[in-house]
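Some notes on the structure that comes next.
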Amino acid sequence: MTLSCVADYERAARRALPPETWDFVAGGSGAESTMRANLAAFASVFVIPRALRDVTGCSTAASLLGSPVSMPLAAAPIAYQRLLHPEGELAAARAAKTAGVPFTVSTMSSVALEEVAAVGGTTWFQLYRLRDERRCLELVERAEAAGCEAIMVTVDVPWMGRRLRDVRNRFALPESVTAANLGGRGAAHRRPAGDVPAASAVAVHTALEFAPVTWAWVDMLRGRTRLPLVLKGILDVADARRAAEAGIDGIVVSNHGGRQLDGAVPSIDVLPEIAAAVAGSCEILLDSGVRRGEDIVKAIALGASGVLVGRPLMYGLAVGGEDGVRDVLGLLATEFHGALGLAGCGSPRETRLLRTTFARN
Amino acid sequence: MTLSCVADYERAARRALPPETWDFVAGGSGAESTMRANLAAFASVFVIPRALRDVTGCSTAASLLGSPVSMPLAAAPIAYQRLLHPEGELAAARAAKTAGVPFTVSTMSSVALEEVAAVGGTTWFQLYRLRDERRCLELVERAEAAGCEAIMVTVDVPWMGRRLRDVRNRFALPESVTAANLGGRGAAHRRPAGDVPAASAVAVHTALEFAPVTWAWVDMLRGRTRLPLVLKGILDVADARRAAEAGIDGIVVSNHGGRQLDGAVPSIDVLPEIAAAVAGSCEILLDSGVRRGEDIVKAIALGASGVLVGRPLMYGLAVGGEDGVRDVLGLLATEFHGALGLAGCGSPRETRLLRTTFARN
Amino acid sequence: MTLSCVADYERAARRALPPETWDFVAGGSGAESTMRANLAAFASVFVIPRALRDVTGCSTAASLLGSPVSMPLAAAPIAYQRLLHPEGELAAARAAKTAGVPFTVSTMSSVALEEVAAVGGTTWFQLYRLRDERRCLELVERAEAAGCEAIMVTVDVPWMGRRLRDVRNRFALPESVTAANLGGRGAAHRRPAGDVPAASAVAVHTALEFAPVTWAWVDMLRGRTRLPLVLKGILDVADARRAAEAGIDGIVVSNHGGRQLDGAVPSIDVLPEIAAAVAGSCEILLDSGVRRGEDIVKAIALGASGVLVGRPLMYGLAVGGEDGVRDVLGLLATEFHGALGLAGCGSPRETRLLRTTFARN
Amino acid sequence: MTLSCVADYERAARRALPPETWDFVAGGSGAESTMRANLAAFASVFVIPRALRDVTGCSTAASLLGSPVSMPLAAAPIAYQRLLHPEGELAAARAAKTAGVPFTVSTMSSVALEEVAAVGGTTWFQLYRLRDERRCLELVERAEAAGCEAIMVTVDVPWMGRRLRDVRNRFALPESVTAANLGGRGAAHRRPAGDVPAASAVAVHTALEFAPVTWAWVDMLRGRTRLPLVLKGILDVADARRAAEAGIDGIVVSNHGGRQLDGAVPSIDVLPEIAAAVAGSCEILLDSGVRRGEDIVKAIALGASGVLVGRPLMYGLAVGGEDGVRDVLGLLATEFHGALGLAGCGSPRETRLLRTTFARN
């Protein structure tokens, strides 16, 4: 069977995975209105391409957070990737390395961050603030020691969004998948009780382990690491401004793929005003809804330096392990390169100057 | 079966109820375009959450019309609740009390207001202006005597909207359900005659009993009670302003859940201009289309102090009596609490400061 | 079977009529995009009702072109009504008389205008400019002599729109239905030849008989009759202004129910700017897409004095002859009266002051 | 079977063609979002017709790039028309001649340009910049020698858009169809290898043969020919302005029918600003999504002098060869003429003055 775009991988992954695993990956919170809106928002952006430019040597290469990348895209942090494939994060990180893009290892990785970082390539570490401050700072030290090149603090999970599919499925991790960085099995494996469980096991686990990130805490963290510090989950321009003022190196404009506040704005909708406010003082990444190379062009035209991609890589992982992820990244690269030239841009940087408009209906 | 959100209760209620009862509760007037538009309007509002706030102690508690509430929500006045469950208003009021939210007893309650108020908790009385002025003022006195804490005058029912489902079903009340506050059976029980009845029995009854509320009448009423006075059914900003000038304590921005003027604007659409005009001088509640905790966040962000919830509680009542209503209120509380924190708000008051935007398509 | 609104009559008419007759009445020109847009445009208008007004004595009575009417609605001119019922225009005119609304008899009436006018009630005459000037002016004289109270010149038919359904059906009039005012059978009865006929028989007939109306011709006509002169088919504000300057008494803002220029704007969309330009100097009627009493409220709120209703009356005629038309008019009156009061208006005139807004999506 | 509009021909062509040929013609690039948006954008434009004009002698005649045309429409350049019918470009050119509209012969024509030009009528030559400069300039000389009346340089194909249907079908040309102007068979005939080919054979061929067009190259070309020079594939107003300054005679505002950059703006959306910038100094044609005569009215009202039509003519060719193309052109002419008069315009030029508006939803 020919898989020629992310949508093909999505369909194939759905067939390949047990329904409750599919739901865990593909689903969102609440009525999933933000999740759907993410795609609709991208679809409603039109690019106005330039013509008559010599794009012969057109290159997708760029740099993100100081690291050279083959294209302005990084693998978003995704928890528990061994749910999707026995090799989990190792397979995905290898594919990212081959593709020349950074891999972000999650606090909730099912493979220890050191093993993932040992794959080589550019590794970023995604940090959830743990209630246990000591363990939390240890994670940062481990990431530094392992050679991670950025710390990405997720700021939109004071607690987990209510993901109805997981609640309905009474979703719990299988024994074989653990939060390897945190020392293994815990509440995330205990199938929740009650006729209508309030939350999935993973959400319960999160509630027990995580604490809300605050500005004060970020200031503290800023003093503890020399790695670039990125805040993931910014949507309000005032928060973006404050991040820039706090000496933060980058932000990820994100609604967590529609998995946190249902009803939250699509990240691409707020990107322009955030870019107008902080571009130059703070690197802007964006995620939530990137599904095609053309979406990367849209994100950059609207103000981002690059994007994170979440679910699409997981679909690749579910379908074909390392090969699948590499193939998805290859398709995105092919599409992005094609789109760059068709938009008259010789490089990602030039797409920043493209004009955009919105669908009328 | 797992019921995890209002939509689940809606489906279950539809299965549980006789079709013509379902239609009476779930339906709207005319082409039901306003009823549908209420949901679409909520769906098209996006919230821009704040991040990096310490929401650990986040509380949904608030106060409405001077009473403390566990969350800024009250049960909307709904007529004839014994249609849905033998215990009717008693069951619903008990659930509201347990949940810590006010219960509004309708003039057309199928349980006498005194019995409902005796449940305890915060009880509000919804007043329809009766043609018989003496009986009408007696209702107010009874409500005061029974300990109701507010009088909510419904101002959008000079007569009942034409609800086609009820017309088609020749809907009439069963013998067992009566307008208990008004002394029992009447026109609402006589199945309308003719091949194409012009109106349902309930509408005929309304037409015989009710008179349009006027400003002069409200002024009179203002002089007769010291309870907070609320006008339910305001959509035009000029009416809101006049209410504030007339010393009214609160308004409910409402289109009666799409049951009165079909083609009337969704209440959430006019809320911002009304809030800009009267917030501060007059408490603003909103109803019509609230279906999720996230909708409460939207309503407050756009200017309301809180919301009334109508049909969702009736779905709970139909499915599980008191337990069902309590569960629906519990789900709304869970969703609202979850959303508060995910939006970076430690309290309902803080959600007032959230920015919003609208879906482009 | 209960028919409780125009949509019910529409469905019933579709079942009652031979497909090609249904298509002739229900269809539009081209891709029928304007025809569909007419309904969508009405649906996207929201009314902001006023509350707390004493609407007890609320009356739908008004006056149109100087005649008192029971509600601000007239029967639109519709050709060949005997296609739908053996009594054709006679049945419809009788129903209009009973309902207290004007009946507009078409140039292409299948019953002679004198017979229709003899029904009594208010009769208006719709004039197509005929190529044969003498016959055309004779029509005007006949209309005056028969007691018609207005001449409505249709200005949007220099030729007939291309109605694909009729082309595909090779639609031609049956022998029994003729253009009675024009002396009976003609090209409209000859089924068009060829594998892909360019036009239906009715369109061919129109092309042979009609000439485009011009300002000069209208000036001439203005000098020939003392009856109120109305131009039907105005959509551009400049044309509306010119009509007012030319001493025209009224205009019908109309796209001919989506049967002439496909892609033409819905009339309700251009009504506000036309009302701003000419209200006061020239009476403004509107048609194209009125399907409910609430639509009449919308049209008046946006600037019209009243509306014409086309297809809905024909659905009534097809289903039940005179009774059917009377019933449809009764339903519209019930809906309009209901909506008036629910919008806080004691009369059609007061609805002029209602504010409106538009659906966001 | 009656074919009465382009949509009918589209359906018939789909039935008539082998699936992979259908896909090649009907498909677009990427997710085909621009291809779909082209149609939606036209549908959302409303025309405000003028009334009371004498359109009796209404004529569709106009002139495009200095040549008289029966209507302001030309056949868009389409590669490999022998895929659709054995007579290919000859059949289409003959039909265009009969219809009185220019035929644009593609660089990738499957019949040599000289043979096509020998048909007579107005022939334009579409030029792709070839990597082999000498062969490229030879094409221009051949076109001049053959009597072509304009050179239309396509500027939006630095490389071919990724057309997923062709990739999935492993589309390659059959032996019988060749790029006749370029000396016949080549990479376009070799079915691509691999489980997931990166591109279709036609795209591979394009990549091997074409070079991106630049302003410098256009300046060079401007010096080499005295024929009118047209740039096809402009969407940004700055490029339009630069074309005018460079002495270019015309531009085609086009997204290549949604076959190049997926996500590119519909051409009709950017037409007004381009017309405001360059109308008068440079002739403006438009293509991408024209499907009805009414669309031509819209394009002119929004600023174009005329349109190119692509796929619709190919549907005619597939269904009926020369007769089919002639019939499609005839239908478009009938629709356009009908629409002109219904809009109150005596000529294409007058449609320039029509006002337009946009659908609200």
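Letters A, B, C and D mark the chains in the order given here, with residues in each chain numbered from 1 onward.
The rule is short, and it goes like this: contacts are C-beta pairs under 8 Å (C-beta built on N, C-alpha and C of every residue); 3 or more make two chains touch, one makes a residue touch a chain.
Since we're looking at a predicted model, the values are computed, not measured.
What chains do chain B and chain C have as common neighbours?
Joint contacts: the list comes back empty.
For chain A, which other chain has the most distant CA centre?
Of all chains, C has its centre farthest from that of chain A.
Would the interface of chain C with chain D count as same or different, where same needs over half of all numbers used to appear in both copies?
Copies use mostly different positions to touch.
On C-alpha atoms alone, could you tell me the rotation angle mapping chain A onto chain B? Nearest 5 degrees is fine.
Roughly 90 degrees of rotation.
Could you tell me the distance, in whole angstrom, between the mean C-alpha positions of chain A and chain D?
41
Please tell me the distance, in whole Å, between the geometric centres of chain A and chain C computed from their C-alpha atoms.
Each chain's C-alpha centroid was found; their separation is 58 Å.
Quick check on chain D: which residues sit in contact with 2+ other chains?
359, 361
Note which residues of chain D are touching chain A in the complex, please.
By the definition above, chain D touches chain A via 30-31, 33-34, 37, 40-41, 44, 155-156, 158-159, 161-162, 164, 167-168, 195-196, 198, 211-215, 218, 231, 233-236, 238-239, 242, 260-266, 269-270, 358-359, 361.
Touching chain D in the complex: which residues of chain A?
2-5, 7, 43, 45-56, 58, 292, 294-295, 297-298, 327, 334-335, 338-339, 341-344, 355, 357, 359-361
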